[in-house]
Amino acid sequence: MGRPDGRAPDELRPVKLTRQWSIHPEGSVLVEFGATRVLCTASVTEGVPRWRKGSGLGWVTSEYSMLPRATTTRSDRESIKGRVGGRTHEISRLIGRSLRACIDLKALGENSIVLDCDVLQADGGTRTAAITGAYVALHDAVSWMAKRGLLAGKPADAVHRSVAAVSVGVIDGQPRLDLCYEEDVAAEVDMNIVCTGAGDFVEVQGTGESGVFDRAQLDALLDLGVAGCGQLADLQKAALS
Amino acid sequence: MGRPDGRAPDELRPVKLTRQWSIHPEGSVLVEFGATRVLCTASVTEGVPRWRKGSGLGWVTSEYSMLPRATTTRSDRESIKGRVGGRTHEISRLIGRSLRACIDLKALGENSIVLDCDVLQADGGTRTAAITGAYVALHDAVSWMAKRGLLAGKPADAVHRSVAAVSVGVIDGQPRLDLCYEEDVAAEVDMNIVCTGAGDFVEVQGTGESGVFDRAQLDALLDLGVAGCGQLADLQKAALS
Amino acid sequence: MGRPDGRAPDELRPVKLTRQWSIHPEGSVLVEFGATRVLCTASVTEGVPRWRKGSGLGWVTSEYSMLPRATTTRSDRESIKGRVGGRTHEISRLIGRSLRACIDLKALGENSIVLDCDVLQADGGTRTAAITGAYVALHDAVSWMAKRGLLAGKPADAVHRSVAAVSVGVIDGQPRLDLCYEEDVAAEVDMNIVCTGAGDFVEVQGTGESGVFDRAQLDALLDLGVAGCGQLADLQKAALS
Amino acid sequence: MGRPDGRAPDELRPVKLTRQWSIHPEGSVLVEFGATRVLCTASVTEGVPRWRKGSGLGWVTSEYSMLPRATTTRSDRESIKGRVGGRTHEISRLIGRSLRACIDLKALGENSIVLDCDVLQADGGTRTAAITGAYVALHDAVSWMAKRGLLAGKPADAVHRSVAAVSVGVIDGQPRLDLCYEEDVAAEVDMNIVCTGAGDFVEVQGTGESGVFDRAQLDALLDLGVAGCGQLADLQKAALS
Amino acid sequence: MGRPDGRAPDELRPVKLTRQWSIHPEGSVLVEFGATRVLCTASVTEGVPRWRKGSGLGWVTSEYSMLPRATTTRSDRESIKGRVGGRTHEISRLIGRSLRACIDLKALGENSIVLDCDVLQADGGTRTAAITGAYVALHDAVSWMAKRGLLAGKPADAVHRSVAAVSVGVIDGQPRLDLCYEEDVAAEVDMNIVCTGAGDFVEVQGTGESGVFDRAQLDALLDLGVAGCGQLADLQKAALS
Amino acid sequence: MGRPDGRAPDELRPVKLTRQWSIHPEGSVLVEFGATRVLCTASVTEGVPRWRKGSGLGWVTSEYSMLPRATTTRSDRESIKGRVGGRTHEISRLIGRSLRACIDLKALGENSIVLDCDVLQADGGTRTAAITGAYVALHDAVSWMAKRGLLAGKPADAVHRSVAAVSVGVIDGQPRLDLCYEEDVAAEVDMNIVCTGAGDFVEVQGTGESGVFDRAQLDALLDLGVAGCGQLADLQKAALS
């Protein structure tokens, strides 16, 4: 059985990275992986969280959220429920960790960058699209800091590697790259891979959603994911040049 | 002193109503009043709130929210603060009331429509843009219901009038239409006017932000607002045809 | 059809302003508009909210609330629900804005006055009664400050105008002043008007609860409201002398 | 050293029980112990909490709260803090338990009575005043039920005993009845005693606030408290006749 | 009818106090009253709550909680419900007050000790077991402070008396010491008694759960409780030597 | 540099699985990985969450929490903060997913099992200890259901495979099994591996905490983790026989 949109198993969806989508943030990217559409903004603020004061280091963190009707059926707002759900927490933490892997926190001085990733439309892979887009927004925010003399050293030293992410999974026994929603819910194994531009791993998360997986399957998924991240790294480079 | 963007005092900003901006909702409109950009989605759900069950009537409600970096400086998410702020509450209630003025709740049967108005970018007038856009999204959602046989009667009877809104204010003693953010913070009097396509009032809210206002000023603002709403009603009609 | 209590359309309910109803607050007024009974207390505290520090200006704010059985049926406490509702937020903000219109925040120095308006018994018009009573409580608190040398200048300069509020509405096509609860729920148009003692507007909020209204109706309601606020201003003056 | 208001050690403050203070509730009593002023309302509602359904028994519960400026300095509202404090919880539970001791829950059928005790002005002994007043409000609510045929049996069987409460304490080594705030904060031992009209104990809570107490002191306080509750029972009887 | 476990009416359950049950806290005691099992830890932290700063005095407070399946049926976590319940609040406050009765807060300097009492298994008397165990944990924490030179004076002066607690109650008309859960739910009168090693009262809380009680019953319960606390004081002494 | 406790790089800490540690739950295991100590209880309840009703399937979920002083310094309770943190959410979800991999939800009928994993003492690897212990508690709960005739089929079919988990990491370039806290904070790469008794993967989560990792490192960690899980599976088998 082929993929819903006719792609090859190792083919990404059309990816678009639109910089400066908003006028206010220091970095702002609308990232699209097919119909998945995430607005990533990078906000530079003076100062760092209390537990970090006096360290001479900056901080990068992220908040992920979904508009209530980004999905096929409407979900309740977390603001109205009065609490952030487990899935939201988990993804926000993943994005934050991933982006901290590409930045020299010393170069920021005691300043913070918040990466807000708001899903405007969801069709699978929202967290990996968010990481991929947030990298570009972060890069723009660091350049903004450099122009204002807020950076110790050059932007290229502050953002010393690129970071991108993609989902992979096994559907009907077949390893596939960059799952859309329809594939995501059908996947036997589901994996998110975050890599640097050099092809090293930043984070690997694999789950046997409706079963278990063996080493051979894991290896196949890792191969697919690394290759996909490589293509995304090229697209990020192109967007930033 | 002229307006920051050179407009005439009675001139609207460029207004754009993009229907079907998202693929999932039953109605979905990106509304732009200059740099203000609000995504309005209409979600149809079966059933009504508990207090309305058995009435035979439907329900229309609204939730307004702002992305954290829709503004010049980042604000904290209400989901993380764990509560919805007073301003958010106030605007959500205003949008809900305004849209209920244009719909026959009997025609909906015991079904609900939620109008989510998420501000992606803010430059003044977000609540009036939201009402203006939400009307078009609501219209599309009602047509969607009609196509599925969920509506009692014709869409034109269910949505029996149009509703649009605009802000007006006094800056440096001069009454002006459709204030941008820079004008909004400088306004001595600030007013939001919600009108039907026929020019009747649905809601009038005027505040002497840094002073008081007399009957003559109030009259001048009402004139400006009614005229502005008339132009918006024409734009809504054009968008829907 | 006449009014439930036989009043003329332009007649206020019996209004009572009892100063020093409580012993602890710096200002404390029990205000009654017919059966509506609101306890307004003014609390002077040193310091201002963080965002205002160093401005040299004081701050006046308000919190409105209803006892659970102020109404015909009991409502749940917001403390137990764990959040303040939209209506409460909206009214608190309205009272705060209205009272700030009558005070010179510079004269307060960096001190705050909180106006707590707790509805002990509700029969329509609780927010307008609250504003009318809070003005008198605020006036007493400012006099208290003057006696203790906490005020820059004279009380009459600090509270440079009076503020009162009244509801108006259209019932069975007839414009009426100061609606009781029975009229409030039946009103086609409902309006709250806040005026200074000099007859200028501080705030105007009109809603077509179950319909829309035209300019003529709006004008009639404004006339009624301005006249009603004038009578309330006289009662405030009498209470304070 | 004598008492601040010149009372004898075993003397109550002037106690006033004003029935029907509010128009809406089924029972409503303004109770005053000196300057302490608590509004006690009893609300009858159909049905019982979920865990009690099908038992054939009714339920009586209580919610205690203080207005923010009932005290000498203003305290923050629990609705705004988003949670009910420990002291509030503790007192609400005490009032509920105490009042359940005087009522036959079977006679209520599956109906509930909520006793709201809102402190309008505090000068020590708010919880004991609340219990004393709530008994009278509960009695009125039960009579209201009887008139509407909602009661199994006669009111006198449903409310089969009276309940009153008073505080006692040791100040400067002297046992005293019905402490005002000034005495309350100075007390070495502080005790609340809830008794039936027949002089039996419903609840006894004694605390060595700034020390410990021996059996002789405990006995002296119990004697004082029982006598005080006896006087309060007479006042309740008088108020109800 | 005899007791479920064959004890004499004035007999404690087997009591065990295991010191240093955990490796991290400054004091840590697993206390067992029969099957009731509470982990009491004492945490020393620098500084005191804001309202106490500059007083030169330390602070001792407590937090009580139950694991969700400490009981026969599972209860929901308060962390997930988003709020601490009334019973939890009440018991935490009781433990804190009781332990403050045995310590000289001046000797602590401006340092705090938090006593966490987590019920791992519940079979009645969790609050009294918690107080009894927390005393031993507090004693160990104070010794720890002394060794590090954080204490003004000797440990024996800082902890100048011991504190223990036990429940007593009337079941089938018979006064009994140290109720297990089965007795607790059947008790007509239920009382918690907190005493010093010298036999003075720190706190006395008696409730007629399903009735009322007279002075003779109260006296019998006080006798039982004082004797029980005496035995517990001996066990505490033995554990600490 | 050797390991803090002298273990070989591929050596587990002493592991203990104590069944029936508590008397109330249907399954209850105290699991110890060295000084890490987690109480895992399995609670069987009738019914399933609302979204699962009518499916004929059961549900297994988990809640993870830490006692405030399980760690070297005290952390605030989530019940008092009023919300569950991101880390807690993330781990609870991981445990739930992992345990659902070993159970046939059809065999449970429409019943639920909640796995509460409460960390009594933490020294690294709390989530992997929790999964390993929760499996044994779940197994006991399923046997309990079988004895009461609540299970469709045999326990061995309901729990059709075993599940265990272990942490692995790279410290000073050396891959190590089962990190203690001191190693955990120093790890360059940190990974949690969940395997079945047959050696298949259920979940793989690897993070470059302070760097990135290549394929060779990933492979070495996977080898270590699979071997460690094999040993844990043997210990689980022994505990259950």
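Letters are used for the chains, namely A, B, C, D, E and F, taken in the order the chains are written, and counting of residues starts over at 1 for each.
To be clear about the criterion, a residue touches a chain if its C-beta (ideal position, glycine included) is under 8 Å from a C-beta of that chain, and two chains touch if they have at least 3 such contacts.
Please read these numbers as outputs of a predicted model, since none were measured by experiment.
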{"item": "Chains touching both subunit A and subunit F", "value": "none"}
{"item": "Co-neighbours of subunit F and subunit E - touch as defined", "value": "none"}
{"item": "From subunit E, the most remote chain by mean C-alpha position", "value": "B"}
{"item": "Most widely separated chain from subunit F, with each centre as the mean of CA atoms", "value": "C"}
{"item": "Centre-of-Cα separation between subunit D and subunit C, whole angstrom", "value": "33"}
{"item": "Geometric centre distance via CA averages, subunit D-subunit A, whole Å", "value": "59"}
{"item": "CA centroid of subunit B to CA centroid of subunit F, Å", "value": "50"}
{"item": "Mean-CA-position distance for subunit E and subunit D (Å)", "value": "28"}
{"item": "Multi-chain contact sites of subunit F, meaning residues that touch two or more partners", "value": "82-84"}
{"item": "Chains listed in ring sequence, where subunit D comes first and subunit E follows it", "value": "D, E, F, A, B, C"}
{"item": "Of subunit C, residues touching subunit B in the complex", "value": "83-87, 89-90, 92-93, 97, 101, 161, 196, 200-208, 211-215, 218, 222, 226"}
{"item": "In the complex with subunit D, residue positions of subunit C that touch it", "value": "22-25, 28, 35, 39, 41, 43, 45, 63, 65, 67-74, 77-84, 88, 114, 116, 118, 120-121"}
